[in-house]
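We just call them A, B, C, D, E and F in the order they show up, numbering each chain from 1.
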Amino acid sequence: MRPNNRANNAPRAIKITRHYTKHAEGSVLVEFGETKVICTASVDETVPRFLKGQGQGWVTAEYGMLPRSTHSRMQREAAKGKQGGRTMEIQRLIARSLRAMIDLEALGERSITLDCDVIQADGGTRTASITGACVALIDAVNGLVANGTLKASPIKGLVSAISVGIVNGEAVCDLEYVEDSNAETDMNVVMMEDGRMIEVQGTAEGEPFSHQELLSLLDLAKQGCEQIFVAQREALNQ
Amino acid sequence: MRPNNRANNAPRAIKITRHYTKHAEGSVLVEFGETKVICTASVDETVPRFLKGQGQGWVTAEYGMLPRSTHSRMQREAAKGKQGGRTMEIQRLIARSLRAMIDLEALGERSITLDCDVIQADGGTRTASITGACVALIDAVNGLVANGTLKASPIKGLVSAISVGIVNGEAVCDLEYVEDSNAETDMNVVMMEDGRMIEVQGTAEGEPFSHQELLSLLDLAKQGCEQIFVAQREALNQ
Amino acid sequence: MRPNNRANNAPRAIKITRHYTKHAEGSVLVEFGETKVICTASVDETVPRFLKGQGQGWVTAEYGMLPRSTHSRMQREAAKGKQGGRTMEIQRLIARSLRAMIDLEALGERSITLDCDVIQADGGTRTASITGACVALIDAVNGLVANGTLKASPIKGLVSAISVGIVNGEAVCDLEYVEDSNAETDMNVVMMEDGRMIEVQGTAEGEPFSHQELLSLLDLAKQGCEQIFVAQREALNQ
Amino acid sequence: MRPNNRANNAPRAIKITRHYTKHAEGSVLVEFGETKVICTASVDETVPRFLKGQGQGWVTAEYGMLPRSTHSRMQREAAKGKQGGRTMEIQRLIARSLRAMIDLEALGERSITLDCDVIQADGGTRTASITGACVALIDAVNGLVANGTLKASPIKGLVSAISVGIVNGEAVCDLEYVEDSNAETDMNVVMMEDGRMIEVQGTAEGEPFSHQELLSLLDLAKQGCEQIFVAQREALNQ
Amino acid sequence: MRPNNRANNAPRAIKITRHYTKHAEGSVLVEFGETKVICTASVDETVPRFLKGQGQGWVTAEYGMLPRSTHSRMQREAAKGKQGGRTMEIQRLIARSLRAMIDLEALGERSITLDCDVIQADGGTRTASITGACVALIDAVNGLVANGTLKASPIKGLVSAISVGIVNGEAVCDLEYVEDSNAETDMNVVMMEDGRMIEVQGTAEGEPFSHQELLSLLDLAKQGCEQIFVAQREALNQ
Amino acid sequence: MRPNNRANNAPRAIKITRHYTKHAEGSVLVEFGETKVICTASVDETVPRFLKGQGQGWVTAEYGMLPRSTHSRMQREAAKGKQGGRTMEIQRLIARSLRAMIDLEALGERSITLDCDVIQADGGTRTASITGACVALIDAVNGLVANGTLKASPIKGLVSAISVGIVNGEAVCDLEYVEDSNAETDMNVVMMEDGRMIEVQGTAEGEPFSHQELLSLLDLAKQGCEQIFVAQREALNQ
């Protein structure tokens, strides 16, 4: 049995709160069950040096965890003086995923930074981050349209992400921490609304996984992402 | 006139939410108007090396701001690879202030770390941090008493903090950002419940301040801290 | 047409040279066409702190590129003072992949570090690194058996890795640099000899990829890995 | 009794040696008893980026201690790779204090850096630094007037600083190390010649301090600063 | 007896392989016996800031060792986050030596970076690096002449380097690791073809060395460098 | 003509002031003309990890320059976050030189750190540092003998150092800054009292140097060191 009797294909309750903080052009609190992440989108009217004069914009991301977002306190990365490998890996994933949903040329020579800061962690922080950052990015871009900076929205569609995995021999969707730490295989899938994929990252933590298991996980991920798209659309319609 | 027609001696609305996140031994969201800080207290059953075998405990603090807690995005300190001077100064102030409210010998050979992370900044983040961290520390210590680790609470009393300053020639209490950025003098006061002071840090940003102005500011600080103690006590009684 | 008229399912010439340098317990030069990586395995009779006294060993990896292994000179990471996000991501991938092929309890309380240093890059450096490090790890472990440190080999089987991707609308195997930089989708697959997978990392660089495309890529990856296993076995039999 | 039978309101012997080293535009050795600090002022014909084109100058400060300026050797910050929190706090204090004595617009678009390097520490290094840096800054500015770069001096007046504190229940002035390390309360005051204050930083190291104690300390600080102004004026008249 | 019955004045077998990797403008594998270093020369059409507009070029060098180029694994400098003192010292020596063989004004406003990466160490890595980098630099410069960027070669002559030392009381040439680690005196000499010297760095590891011993070492160095020039010329003629 | 009509073989006025600061076990201000360096020796009753239990002591050194010890202000290394290559090279040279004058086994399992901090630079800071550190080291060791920690002094003799070079075609001794910056060849020699050498570091800044020039420089260095030994002995006899 999963915690709270969740069905294997059921994501946790997804809650998306827009306009969560007041300064950012887009600001979202996203909750996947007990996992809570603040996602902000900040517009900057410059581009990184490697894009100067190329006639296109840029979207990037940074990720962090509050030191006590976790069961035991993690050392603060600012105090350690460097970001760890896991942080780097996650923020690169978020950025790639978000760039897939926007036409960078139509954005023009400006940058949008997505900051995803985990205030409470219970598994799936990177997939929650992508899901919330998608909504924050849309709010920021809509602001540019509303104030006349952009004539039309460069957004191509929604992006959502979910983790799936094999726990106790069964394929399950949206693992929470107690499941994640016992998973044999852990996979994160980032999807567009039409079901096509932007990222698939599957890792065998214990036993290697078979082709058949991979197919089951992809199927669960598709079901999960569909429910997340619903939550994103509802939030955006409010 | 102050923003929102506030009286010169009136702090903003103070809101203290306990048990804000679930993993930390103490977890508080403190709000001074639009300034919002998450303060967590984490208990660790060790002490820093310089205190090993001294028969006493330790209280320390770390401070951070989410990159977009501010009007324009600040660079993430973890990405820069070091904490700035302002961050260092504030976390040292928080730690000294909190150590004043606890009997470190009675705490025993264990450490408590207060993490103060600003999710929205509108002036007074360091005083809000001290105020919220005080409540988080009490929750953490009460947990140690409740589970039998400590026989009695080592807490000596509440600590609160407020900023006062001279804006447009008038002494005012609990400056918000638009006031703070125009203040001629800015002072932070940390107080015990009996009115005695732990820290007084006054800085002339523009003109130097006179002895008489200092006295006016101290008077306002006392009035402000008294209202904060009320808010802390109410939160602790819920 | 692919460069050199390669068939879509054909990896480049794979060359594995054992005992390439003389000091390491395992030392391999692996070549995937023009991509050349030195992989060494170093045995250390200690384990990291988090594993002390757990009765098991550890396998870790580090990855680097010589500054002029690439078309234009890259800044030396030692001179920059930190390893970039890509480096971190790759060395974490190599380490996870290699740990899957060894019984860490049977290894005993000792560590093996795989250093993968790219001396010439032409696409696929991470998959070449995993492939070469697998052979270096086996040589190092066989040395421990030969000198009586271990009674039996803790190796569970070979691990190989290949990149596959969609270039000009076609699924191809083992992309070289000119293909890689134009790929719409790029996927790295790490496999055991029985065809089960350890890692699948697919990324849409341009258009998202469909379920059908993913299946085609996995099929190509399986064919490619089978040829790499042949090259590994031949090298180990010499 | 205080060391050397000093009266509670008596600062140590203050000695200010101008033109101490030959390269800097201003160079002072300041001695507060056994505390010795080299303060240099360096003129640079540029301003930091955030002030470009604003038509004003800048004054900044850096602080350091020679590793063996203290009783036991401190690790060299250059070797550790970062400046500690105390260093940052002190150099920010010095810079704010010095900026209060100069009209930055009249200085024009140029910067002056005050370097305060402690060669022997015996308490009060930050107040000695401010006191000495004030004289070095005046020498540097007078040089700009003398060589015609500036038409008139932008200096508004002298700045001096002193530490006061409560030791063994008594308020005393200009604490030396053995007093400082036993002080219940420690306060640093930075003053203009007219008695108005630039900085007041009071910290309860042991017991909190009362309003009455604060007043006594401020009174001692005023007396102390008056004596320091005499020493500064004498040095400048030589 | 020296290892392999080498005569005291005999360098090890010197082997210089040009065009070792394919991307760099100059790429050499240099071997002094079992010491193997990859030396690449990279041309960059800019100069460092301090040379902008001076009408001259620049030659610089960086040095690194693969972690397992040595008997026991060295920590990777990129992972440590800084280059050690020995690395800095060596790369500064290589750069100074190579600048002596080229007319920087005739090179024009462009830079050439020599990267010397040790893949196997057995003593003499810095002298092998200089020797190999000399050939890589010539290849890079000849490329600039061949493609018309330069009208004539700015190369003034060859540079070679050798280590000499006193081992068991005898002066010997081109020390390998077992000799180097037991040497009483260790000296590195960098020479031009006409016998004049660019660098002489002699260090007493055990006993100080006499004037007479210094003369013997210089004599051996001259003989050794002559043989290295032969190897360089042969390599360049192929 | 040299500045101040100095003869080619004449060092500048050497002044050695012992007991310059009060906390260190040895503390010397050394002056070579206008070059001034504070050298302190700090005794620590531990040894670095690599020497634990080896029955011997250690001598190490650190070198720094005050930011305005030079003509134009240098960036503070503590603020930059790392020590430059020149600093590293010099402190390694100082340490090797000082270790040559002491019997490390007779010193016992303790360390002595020499800190050489340049307060005014005018050429020859490294040779002044070695010369002053020698005296500070002797004072520190004599303290250990005086307090009974050591039964006999482990000092083997004095060490001194001087720079020599070729300026305007002539060999000169103890170059000051204006000479140093125009030297064709620059050489530093570290010597024992019996004339044997510990270090010889000669560098051609412009033209390579001949064997004959090297001999002239060594001769000048010997004459110069003899005068420095006189100054050291005089200082030690006071």
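By our rule, a residue touches a chain if its C-beta (ideal position, glycine included) is under 8 Å from a C-beta of that chain, and two chains touch if they have at least 3 such contacts.
If you want to know which protein each chain is, UniProt gives these names: A, B, C, D, E, F = Ribonuclease PH.
These figures come from a predicted structure and were not determined experimentally.
Peer 1: Give me the fewest steps it takes to get from subunit B (Ribonuclease PH) to subunit E (Ribonuclease PH) if each step has to go to a chain it touches.
Peer 2: 3
Peer 1: Can you list every chain that touches subunit C (Ribonuclease PH) and also touches subunit E (Ribonuclease PH)?
Peer 2: Joint contacts: the list comes back empty.
Peer 1: Among the chains, which has its CA centre at the largest distance from subunit A (Ribonuclease PH)'s?
Peer 2: Using the mean of the C-alpha atoms as each chain's centre, the farthest one from subunit A (Ribonuclease PH) is F.
Peer 1: Between D-F, B-D or A-C, which repeats the contact pattern of C-E in over half of its pairs?
Peer 2: So the equivalent interface, with over half the same contact pairs, is D-F.
Peer 1: In whole angstrom, how far does the Cα centroid of subunit C (Ribonuclease PH) sit from the Cα centroid of subunit F (Ribonuclease PH)?
Peer 2: The answer is 50 Å.
Peer 1: Taking each chain's centre as the mean of its CA atoms, how far is subunit E (Ribonuclease PH) from subunit F (Ribonuclease PH) in angstrom?
Peer 2: Here subunit E (Ribonuclease PH) and subunit F (Ribonuclease PH) have centroids separated by 28 Å.
Peer 1: What are the residue numbers in subunit F (Ribonuclease PH) that touch two or more other chains?
Peer 2: 81-82
Peer 1: Following the ring of touching chains from subunit A (Ribonuclease PH) through subunit C (Ribonuclease PH), in what sequence do all chains appear?
Peer 2: A, C, E, F, D, B
Peer 1: Write out the stretch or stretches of subunit F (Ribonuclease PH) touching subunit E (Ribonuclease PH) in their complex.
Peer 2: On the subunit F (Ribonuclease PH) side, the touching residues are 82, 84-86, 88-89, 91-92, 96, 100, 187, 191-192, 194-204, 207-211, 214, 218.
Peer 1: Would you pull the subunit B (Ribonuclease PH) residues touching subunit A (Ribonuclease PH) in the complex into a rising list?
Peer 2: Residue positions touching the partner: 21-24, 27, 34, 36, 38, 40, 42, 44, 62, 64, 66-73, 76-83, 87, 113, 115, 117, 119-121.
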